[in-house]
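Below are structures written as structure tokens.
Two complexes are shown next, each including chain A; its partner changes from chain B in the first to chain C in the second.
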Partner chain A sequence: MEWATQIESQMHTETGASAEAAGSRGLGCSLRHFACEQNLLSRPDGSASFLQGDTSVLAGVYGPAEVKVSKEIFNKATLEVLLRPKIGLPGVAEKSRERLIRNTCEAVVLGALHPRTSITVVLQVISDAGSLLACCLNAACMALVDAGVPMRALFCGITCALDDDGNLVLDPTVKQEKVARAILTFALDSVEQKLLMSTTKGLYSNAEFQQCLVAAQTASQHVFRFYRESLQRRYSKS
Partner chain B sequence: MKETPLSNCERRFLLRAIEEKKRLDGRQTYDYRNIKISFGTDYGCCIVELGKTRVLGQVSCELVSPKPNRATEGILFFNLELSQMAAPAFEPGRQSDLLVKLNRLLERCLRNSKCIDTESLCVVAGEKVWQIRVDLHLLNHDGNIIDAASIAAIVALCHFRRPDVSVQGDEVTLYTPEERDPVPLSIHHMPICVSFAFFQQGTYLLVDPNEREERVMDGLLVIAMNKHREICTIQSSGGIMLLKDQVLRCSKIAGVKVAEITELIQKALENDQKVRKEGGKFGFAESIAHQRITAFKMEKALIDTSDAGEKAGEIIAEAEPPSEVVCNPVLWTPGTAQVGEGTENAWGDLEDSEKEDEDQDGSDEAIILDNMKMDTGVELSDTGNQDATIVLSDSEEEEMIILEPDKSPKKIRTQTISAKQEKVPSKKPMKKRKKRAVN
Partner chain C sequence: MAEAAESVVGSKARAARTVLGQLVLPGEELLLPEQEDAEGPGGAGERPLLLNPGTRSRVRVVCGPGLRRCGDRMLVTKCGRLRHKEPSGGGGGVYWVDSQQKRYVPVKGDHVIGIVTAKSGDIFKVDVGGSEPASLSYLAFEGATKRNRPNVQVGDLIYGQFVVANKDMEPEMVCIDSCGRANGMGVIGQDGLLFKVTLGLIRKLLAPDCEIIQEVGKLYPLEIVFGMNGRIWVKAKTIQQTLILANILEACEHMTTDQRKQIFSRLAES
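After this line comes the complex of A and B, so read on.
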């Protein structure tokens, strides 16, 4: 709330500011608290539960494993992503998210090292309190790391929301998503913070898109630091 | 992915261990694995861990119209999902025998035992009732799914709160959680399933079998009971013969186990209630063990995005300016416009050709109609013509000829006759005519 008031006061001083100046108002951006637990399921080869605030996703990874003949690819691993909603059966929205996550994973997983095998990522939504796709991406990455699937880089998901005044909100909650004019989700790689995937909803300008991307790149470094520290902790003792 | 088969020596080892009253995880015959219940931030959401078996339960509600034969009763719906996450052998979107069996058993345990007061779910008799949907997701399969699922279902139902409604005359008002506190479901009793695995044709018995033990067992007995020692459901599967004494002994053990589990559930529910009331932290984030080496937490992180705007500005400045595209919409035909550049619109042409087609069709029909009217005329003109008799046959060749446009009017006429012949249900009058024609 403190931040909100600060932003408002700034808004009053900067009347008639340009879009770039509007970006400087985004001082109050923050990521919610993060938590991650790896290797919590016994059956999958790798598993992770990722929490961003109250949003929580559980991921399980099988692979590289036997593949159905119909799905076999002769020179690389077949990557499958399944996303299961909490209530009811998976629908079109889940299929679309599965596709986005699969494309992101395919960009980083070194599938050529395991030809004619399958890598299956199963994601289960535990609770949705905003930035669900970003949380799914993070959970998928941590589970892939836990399964020991070779990857050229790690990846993370960051969601940005733009409200009516052009303010940028990182890692929005459901409430913030509802009032937002545009919601942009990016997947970034850990080596160069390059864009792996972007999906957007709503209206925004070119400048705003770049601004969100820069903000996401800044935020991604925090996420990658979180990855690093959590993995360091995990492998600290044998 | 296929299930890894259990090797013979593994099987023998397990059975011999059971004969010696030993279990792989060090439990005694009647011991349950540890049960852990954690709640999510929203109402009606819980994760139950029974050893390594994990089930996620979520209850949701919806206002629907009731079944016509049960106008004053709410609807209860159970759905257990075996996702591939739980075990590689579970295929998505397939109703396996195991799944059907488990779902049916859950329904019998929870719906048929009338543990939920369905009449209290009625809003307007015959018009609006609450449908309570219980979704259960198996997250990890390490044996004894049914016990974990039944605990998760009843815990989620106890934890659930539905929005309050009020009825004034014909008006039904639904209150948001902010306006009025949501109300819990009225639950009469808590049935809990207890599984018993039998080995060596019923000689040995184990409570709460894990996945390995389930694979070598001969038969399974599931008893659903509440803490008042009332049996809600009993099911024996696997095709073993059980003696009366065995069933009685199992029901006694079940009574003890159910009492323990019910106490645990109530404690967990009370704890959660207390934390919520005091405004403390709750949800899955709190249930992650801090000391575990695989778990890690990071507090809220502030991100300085003050330079984001400048950087974005730089990037845009560096990038080549996008080519200026003049977006003057061009109106081709009413209802068809073009925005931006592109190849020339082919829609107009298409429409023309379609029109032509339509025209042709229309004219054809007209001819047919004409010929139908001229039916008698045709008969007369074709008298003595051999062709006519041939044409009257149903062969497809004839029809092909007919479709060609540059045919003599006579042919078209014959076509219409054959067309008519198809329409006429019985061919008898036609044949008569044919004879006449030959004559």
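After this line comes the complex of A and C, so read on.
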């Protein structure tokens, strides 16, 4: 497998840091172009925008902040995730995604270090061109890192699509998602590339699931490498 | 291929000494100097079997903010630059991660600027930017007695120090030192401007060898208070000068030394 990854950079604003990575998209087994910018909002404690191809999500993190008494947990932080769609009010699909993202974040955030506080992650979908959940997970991770929330490890989201012939496409676009027989989204941690969360739609065999997981684990290395490049750029200016 | 990818991501533990001043990410494992020989490159396979592993010389190392211990291992929990302070006596010193976060978490002994939000009986509630307001007793001011209450109103700015700050309890502030003297703490006077910066910038400005403060001091006569919670209060002779100072300090975070010197020389001329 050929992985040609080149890193380019450009500064968008004075305060934010951004970096871009381009992946070749030959066999359908590579990721789209990523870009990430951090600390671009002034009000939240941490913020990040994440771009995967034409999919773009803006994330803001508030915390550790004051918590409502009804939501207070005595021995750990209350983690809340809000996902706002591009148009209209959040519906059932958003609620279900919020839950998946929250469970992933809960697995890596060291909430016990800030008991009786709240950590709120707000995700705004800017444009959806496929692999939205994976992009939301990546944006949430970068925003949590930017806010300085203590974490056990980093995490990333990877979406795989299987078409009718059983061909695997990583990071599919909307078009590819529409014709796919099955879509699988995984969240992986950066320490051991272990599975944190998985959600699937469609028909697939057990062997295909394992095949997708292995492909996602390989791809996650590129995402984590991109995280490091992007953060390095942000910290190089101080 | 897999090996090459792994080394880039850094899932392999790196030696703490070699990454000082470099970026570390959450989840990374750092090796302390005495662990390097045992677990360093190539050492893992042919490590000599220790008959009595307990007797290995142990050096006392302190994990500061952004790091945690997990058994014998040191793990990173925050993104930032790894720093190390050599110990004055024996031991391994202190390691910590210097991150650029905005949210303040109260720490015992920190001097902060708070805003009085409520007066209830003999306690003031002070907003310090943490997850809950700090409490401040009316007796914790210089010269305050039950008869002679300090003149503190809701909305006043307070410069004080934390005496109680831990994750499980409400933080508590005082405006006197252990001898009962104000020592610069107390209610901050009228006028002036309060603004917020990142916690990293405050630490940079309060560093003993910081040139920015000396350069600012040469520009205009000023009064300035730094709170470790990211708040700066500044007052100069005129409102215009106060605003200039506030803008310079805010901009200092993303300027190189040369850029800063240029701006200061331009301001000194005008």
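Everything that follows uses one rule, which is that the second predicted complex is superposed on the first by the 210 of 238 C-alpha atoms of A that agree within 3 Å, B and C clash if a C-alpha of one lies under 4 Å from a C-alpha of the other, contacts with A are read in each partner's own complex, and residues count from 1 in each chain.
Here, contacts are C-beta pairs under 8 Å (C-beta built on N, C-alpha and C of every residue); 3 or more make two chains touch, one makes a residue touch a chain.
Computed from a predicted model, the values in this text were never measured in an experiment.
Judged by the touch definition given at the top, the superposed model places A:Ser96 against neither chain B nor chain C. Note on chain A: of its two partners chain C and chain B, the one contacting more of its residues is B. In the superposition on chain A, A:Lys237 makes contact with both chain B and chain C. Of the two partner chains placed by the overlay, only chain B lies in contact with A:Val122; chain C stays clear of it. Contacts of A:Arg152 after superposition on the shared chain: chain C is touched, whereas chain B is not. With both structures placed on the common chain, the touch criterion links A:Leu110 to chain C but leaves chain B unconnected.
Looking at the shared chain after the overlay, A:Ala65 reaches both chain B and chain C.
When the two structures are aligned on the shared chain, A:Gln211 is found in touch with chain B, with no touch to chain C. For the contact definition in use here, the residues of chain A common to its chain B contact set and its chain C contact set are 39, 65-66, 118, 218, 222, 234, 237.
Within the complex, the chain A residues that touch chain B are 19-24, 26-27, 29-44, 47, 49, 51, 54, 56, 58, 60, 62, 65-66, 82, 84, 86-88, 118, 120, 122, 124, 126-127, 129, 168, 170, 206-207, 210-215, 218-219, 222, 226, 229-230, 233-234, 236-237. Residues 1-2, 5-6, 8-11, 23, 25-27, 66, 68, 75, 77-81, 99-103, 105, 131-132, 167-168, 200, 253-254 of chain C are the ones that touch chain A when the two sit in their complex. Here chain A touches chain C in the complex through residues 1, 3, 14-15, 39, 45-46, 63-67, 108, 110, 113-118, 145-148, 150-154, 189-193, 218, 221-222, 224-225, 227-228, 231-232, 234-235, 237-238, going by the rule given at the top. Residue ranges of chain B in contact with chain A, taken from their complex: 1-2, 40-42, 45, 47, 52, 54, 56, 58, 60, 81, 83-88, 92, 133, 135, 137, 139-142, 283-285, 288, 292-313, 315-316, 322.
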